[in-house]
């Protein structure tokens, strides 16, 4: 069953996850403009914010929000995607005050901008390092969302998917995606066979 | 060369920024980064009206080491050494969080004996962590003696942890798939002796300190936070359990073999410093209970899988979140891998980071002395907050 | 004391020199004792390297403090900054003059000895204020503000407690007050005036800035409070003054409440010192046992409890003295 606070929103993507494998109960992708409204609904339902984290993916700048509930545990991982050249997200610091620091930290590490954060100054890195974002990846090293969030054997049960949202589609329909995915898949079992013949095959 | 006149400088980036919002006729006091009760290098900017705090803003980053970046350039095995340095007081829990996240992603089974040893190590370390907090907190409140009593007991725990891991503070005892090595047989004798000894000492802690009238007046009803505040700031661990939320990651999402153990989650509803104090002391008792059961039930066997993950193993592509109950709250490690030599992204969720972010709200309108009591009750370990 | 003879001048000079030596010696002994007591309470050896049982540790510390560079913060008020430690120490030295260590060992025994002590002990507050003000440091300023309001507040119940004794004995001369008490514990004033003794003993913690009332220098809040910026001998003088003050208030308590030099047998200054050191030990015991009180608790205790009780006690004493 979809968690109640998420039910009323048109998420781009929502999948039930296998907790034993990913640690999350739900994985969702939010539209940028929905972030504050979703946060508000989650707070009203008693969810707390675990963290906000950046992730530099091939498709764009990702902000990952982890929410959990104190009495009915089930981690909700929500992603938001912004273009690399304009990583602007709406701030949720007015709703979750704890988010202020998480957003400032993400700004330090990735250079994201959270609009309406009440005190948007550097947090962990010195103020003269405002242009240096250590966790940003070079273009060539960026991994795709598909590799990271919809890998083989993940066991996601997709509950919702918006029209036109194809980033996390499992079997790649186009030839280009096919070619991209094939070497990655071929590489993985090999790596597993090298390092952990037992555990790797089960996964 | 002329000597710089420091008093003529107008402050640094943060104090200039802080002074912008100041009211008239208030004093801006810069507490830290070198201050006796900020436990390391936390800096807090205070706007004071007499002894009352109008506004408080913690300034972080003085102990920032970018562990998340280090995770992206180190292999999974190498990164284990970082974990002991994130939170030096409860290093075992961070060990577990990283080992757990990597194992979850790679799908490795842990042998049963190793699971038991992990629990023993983590719970011993949790007691040690709470002991340090207890002593340091009372020290913050002006009594010097208790910290020496608690350190005397902590020494016994460190001796045992040294038997397990060889280290006394920054442990790297966990391995992907198990633990580094088995313990010598004498370890269990020491542990069996320690449990009743510590129970005795815990009673002494209460008799010596908990009932003290000055202490009660100092911390009862100070720094009150409710369930809503816990949600808004993501405060976990003793912070939320002191506010009436029976949440413990060991129960909420059982990891390791915690679902086999019988222990209580101490909960207090007052939400004040005293509630958090009591939660932490009660947790020592609960940890002792877990240790007692672990010593009785630990099976023989290997402590690593037959073919463990090599220290330079590649993680399969994907992402995993692993949460562990640390001494300060919910420790989370989020690891994403693209199948490369090193992890693609590691996010460390430090409980102290979220717990400290509530300080501004709690300190508002209190006296300086109260703010010290509140700051101490957050149980901060600055390396963990700054990471 | 009517004529100002050469003999008086001689006793004064000898007394003053003896007192300075007494204070310095006592401060060293007390620092050593404080560390040993702390060590005993905290289950550790304390100083044990220098000399037998570490008795020379204080000497080494004194030498270190003498040789340390004296630093002055820029923008500090030079004159007041260096005046403050001197002002904090020397009035205390003067206050030892009227103390009756024994009928023989009294440097100067004026009729208003008690008044002298109460009046001059107020100067210490001024030193704290000046030190905090001149340091150009916000922590020092807070420490000074706390110190002044605390000392002013605690002087009143202290005065009331002492006045009750003066009423009872009809004199302000410390030697005479001791003379009127007997050698056995039940002949001491602590038995006739237990409430006054309690008020006095609580007040002296506030008066001497000792834990649990060490708010002016609360190290976990204000780093070191009013003497944050002092190093070397500046700090040493404050330190010396604190211990001299402790000795002083305990000596006064001994004279007023515990029968002074009188004991069950063999009257003499040894009884006086033994009793004073007993009180000093209790002060140390308290310091290493209790957490620090908060400021409003401190003032509440004073204005809501000690002051009314002290006034009542004084009233009751006056009433009883009038009746009998």
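Per-chain numbering from 1; labels A, B and C assigned in written order.
As a working rule, contacts are C-beta pairs under 8 Å (C-beta built on N, C-alpha and C of every residue); 3 or more make two chains touch, one makes a residue touch a chain.
Note that the structure is predicted; figures quoted are calculated from it, not measured.
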Taking the mean of all protein C-alpha atoms as the centre, the chain whose own C-alpha mean lies closest is B
Looking at CA centres, what chain is most distant from chain C? A
Can you check which chain pair, B-C or A-B, has more C-beta pairs in contact? A-B
Rounded to the nearest whole Å, what is the centre-to-centre distance of chain A and chain C, using the mean of the C-alpha atoms as each centre? 66
Quick check: how many Å separate the C-alpha centres of chain B and chain C? 43
What whole-Å value do you get for the distance between chain A and chain B if each is reduced to the mean of its CA atoms? 26
The residues of chain B that touch chain A in their complex are 13-14, 17, 57, 60-61, 64, 66, 68-69, 72, 101, 104, 106-109, 177, 227, 230-236, 240, 245-247, 252-253, 305-310, 313-314, 316-323, 330, 332, 334, 336-339, 344-345, 347, 349, 353-354, 357-358, 361, 386-387
Touching chain B in the complex: which residues of chain C? 38, 41-44, 73-75, 136, 138-139, 142, 211-212, 214, 218-223, 288-297
Within their complex, chain B touches chain C through residues 5-7, 27, 29, 35-37, 51, 138-145, 148-149, 152, 212, 214-215, 217-218, 367-370, 372
Over in the complex, which chain A residues touch chain B? Could you list them? 19-24, 43, 46-51, 53, 55-56, 64, 66, 68, 70-71, 73, 75, 77, 95-98, 100-101, 109, 119, 121-127, 134-135, 143, 147-149, 151-152, 154, 184, 187-188, 191-192, 194-200, 202-203
